[in-house]
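These are the structures in question, set out in turn.
Look at the two complexes coming up: chain A is in both, with chain B in one and chain C in the other.
Moving on to the complex of A and B:
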């Protein structure tokens, strides 16, 4: 459904645009219907940039992003773009900044209505909004007609997901949607994502949290410095991390019943087998090597 | 969160936040002496300019009375050395002054905000080009350009003058609006509006502009005052409207016919004071508005 092929994003930086910042380097991945793909990486690894490029908010410097057979970077004109957003929607990290503070929160629903469903009657539309709110398990009385500052982060985040559901979307880009939520609402949103997955939605789940990636996703992509470090079925990546960076990352997850010293000692006692990493031919490319079926490792960037 | 899907009674209760927020601004507005004084004086002059001329039954430049008379019951502000009624000139002049302020300031405001919004929102090459244009106009010696341009025109009216003032005084407004729009354009709700299939123009007018409405109001007031001052300057050097009267033109003829040397204070004090009072109360009004919109500046 969604296919990224050798996508690059290079920013020009510095006073005269002389410097180059490579935010995304040669990333290829696919998202199928009913599949949750986690993009996991530290700050600055390019994961949010990838999300923005899929949403068409930022243009890739190279490579193609194909959705259902059309390259989205070739979409021209407002009407075509609007059609794309009918099927692909995003939810961003900070729910508080996604609402224009001077308007009521349910204005986000109205915007969808005026853009996409101008012919729908008031009563019909109200039913649709209530249905979408029910899907995200919100009480309409608690959120409709309220200002953003009167709602909690979890409520706002779910309003945004409900907004995306009003359209008949096929792909949802969820950019760090959990990180601003407290622990009790987190699980609700995560379970909601699994429900959506059951409905056949493809979800690109951008996160920096390994355990969240493990919890929801079918496929995990670990990014480092803009390039894919490791990619494969979540179970394989988490049970048998091959790239040194993934191993390091997984060893950094705090464990409830063990101290750091114990973890380090165990790791030192049974050092994992080294795999041969692919070597990049130049600064631009980042080849992947298939170690197991569907399980790839990327270049070593030190 | 309870699971009350589609529960009836979802009609939201009476909204407490909206009226409170509105009345909060009003609350501070009513207690801000700068705003009240500035607004009071500006409105008083506006009324004078609107209503005053209706009670004058002769043209401002007609020779209706004795020459060089000091203020009296018949001619409230005296007469010129040609016997023109200065009160009539003054009220018509105030009307012209407001007209030039609204029109010149309005033209500058429209151009400045349009350039600023587009440059700030679009960014990239569009921003570079518009910013360069702004900077070029900014460093042009506006007064010299105005003098040259207006001196070439045969028939000069208030609107031509206002248009030229507007065309030369928009750059700082464009820069100010651009910098604000630049920061607002990166907000997530702007991205969300794009994802909702909104057009650029609509995003600017419904998402970005309302968030800086106070800023826009204040820009307009400053441009308004600026246009009045520039117009007075042009009038004073003899480039004013050729078919009317304005406060600046009154000053010009007072100087040209040696009102100062003859001690005819009633000829040059009213227009000079009029311009000064109108522009300074506009600026005081602006400071007052700033204090109301910006909680950090509020005097409690």
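Moving on to the complex of A and C:
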């Protein structure tokens, strides 16, 4: 459904735009309907840039992004872009800043109606809103007619997801959507994502938290400095990390039932086998090597 | 016993009335103890951290006492607190990134800070270099501006600054929340190292990340709606929590290695009560699956086994 092929993004930096910053380097990946793909990386890994390019908020400098067969960089004009956003929507990290505090929170639903469904009758629209709220497991009485400050972060985040569901979306780009939520509500939003997955929605889940990436996703992509370090089925990536960077990252994640010392001792006792990493021919490319079926490792960037 | 907090009550004054952010908090902190302070946002954990060092203009000390090394900490008297701050009690703030003055080089800022506390920078400069090396920073950072350092480096500079005079008590408020996982680990490990070398006697580590606090803390205290729910050694809190809130909180955390297929985790339904007019009795009762009639009375914080405290009628 969504296909990224050798996507690059180079930003101009510095006072006169003379410097170059390679934010995304030769990334190829796909998202199928009903599949959750996690983009995992530390700050500066290019994960959010990838999300922005898929949403059309920023243009790739090289490579193509195709959605259902159309190259999204060729989408021009207001009407065509609107059609694209009917099928692809994003939800972002900070739910509090996505709402205008002057208006009631459910205004976001009304705005979808005026721009996409002007012909729908009031009663019909109300049913749709209630159905969307039921999907995100919100009680309409608790959120409709309330101002943003009266709702919690988890509720606001779910209102935004419900807003996206009012459209006939095929792909949801979820950029760090739970990092600002409390531990007790985080899991509800994660469970919601997996319910949506059951309904055939493709989700690009951008996160810096490895345990969250693991919980929801079918496929994990670990990014480093803009290039893919490791990509594969989530279980394989987490059980058998091949790239030295993924191993290092996994050993640093605080775990609930094991301390860092225990993890280190375990690693020292059974050192994992080294894998031959692919070598990049030049500064621009970042080839992947298939080690197991569907499980790729990327270049070594020191 | 380093720190003894007894029935501490701190309210925020607002136009609509007092917000009972800390409502009777009692706990002890032993010498060399690192205590993790965990809870949802709005449970009062940052307020507790701040109450141990400085009340801002909206906060009012309503009752209770704080003892540090056997001496009373006059928290309500801002002037009397001045000699204690930095020498005895020190704080690493939540956003260390923005705690540094962007117009000063790091070295000059540290010297100014020391002079303002009546310490000659020359007496300490050797120790300063040694500690910077300990956290993996070159002494060269002293000649740099904050903008030249990465987030993790800034965090470590602030850590060294805050502990330079060997305070008895260090309050670390969400110090690793803004860092990447690998930097997070090295900062957390440096904090433990500081305790092991007795640069700080004991530490309160405020965080919302229970799995991180488990890595480094000796004990964990879980707060809920301005009160203590449970305090116990870190292993006990994770493996055998007794308070229903702690149990639900721990079971809601996804782990590395757990996936949706292996079992769906459940969150805690409902939201914490507002603290403007807090409910009577146990504050968790509305969300608690085990609530019964007795919960309309406030449960006392009892020691159910040595070192394990919980405030719940079902555990007492």
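Note that in this section the second predicted complex is superposed on the first by the 300 of 302 C-alpha atoms of A that agree within 3 Å, B and C clash if a C-alpha of one lies under 4 Å from a C-alpha of the other, contacts with A are read in each partner's own complex, and residues count from 1 in each chain.
As a convention for this text, a contact is a pair of C-beta atoms (placed from the backbone, for glycine too) under 8 Å apart; a residue touches a chain by one contact, two chains touch by 3 or more.
Note that the coordinates shown come from a computational prediction; the quantities given were computed from them, not determined experimentally.
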- Superpose on chain A as described above, then tell me if chain B and chain C fit or clash. fit
- Message: A:235 in the overlay: touching chain B, chain C, both, or neither? Say first, second, both or neither.
- Response: second
- Query: Which of the two partners, first being chain B and second being chain C, lies in contact with A:260: first, second, both, or neither?
  - Reply: second
- Query: Is A:210 contacted by the first partner chain B, the second partner chain C, both or neither?
  - Reply: second
- Angle at chain A between chain B and chain C, C-alpha centres, nearest 10 degrees: 80
- Message: Going by the contact rule set out at the top, does A:131 touch chain B (first), chain C (second), both, or neither?
- Response: first
- Should A:249 be classified as contacting the first partner (chain B), the second (chain C), both, or neither? second
- Partner chain(s) touched by A:99 [first = chain B, second = chain C, both, neither]: first
- Message: For the three-chain arrangement built by superposition, which of chain B and chain C touches the greater number of chain A residues?
- Response: B
- Message: One more residue to check, A:144. First (chain B), second (chain C), both or neither?
- Response: first
- Query: Touching A:188 in the superposition: chain B (first), chain C (second), both, neither?
  - Reply: both
- Task: Just the number, please: smallest Cα separation between chain B and chain C in the overlaid arrangement, in Å.
- Result: 5
- chain A residues touched by both chain B and chain C? 185, 188
- Contacts from chain C onto chain A in the complex sit at residues 40-41, 151, 180-182, 184-185, 188-189, 208-212, 214-215, 238-239, 248-250, 252-260, 264-268, 271
- chain A to chain C touching residues, read off their complex: 42-43, 152-153, 182-188, 190-191, 194, 208, 210-212, 214-216, 234-235, 238-239, 248-250, 252-257, 259-260
- Per the touch rule, the chain B residues reaching chain A in their complex are 1-7, 9-12, 15, 17-18, 187-189, 191-199, 207, 210-211
- chain B contact footprint on chain A (complex, rising order): 55, 57, 78, 81-82, 85-86, 89-90, 92-94, 97-103, 108, 111-112, 115-116, 127, 130-131, 133-134, 137-142, 144-147, 149-150, 154-155, 160, 185, 188
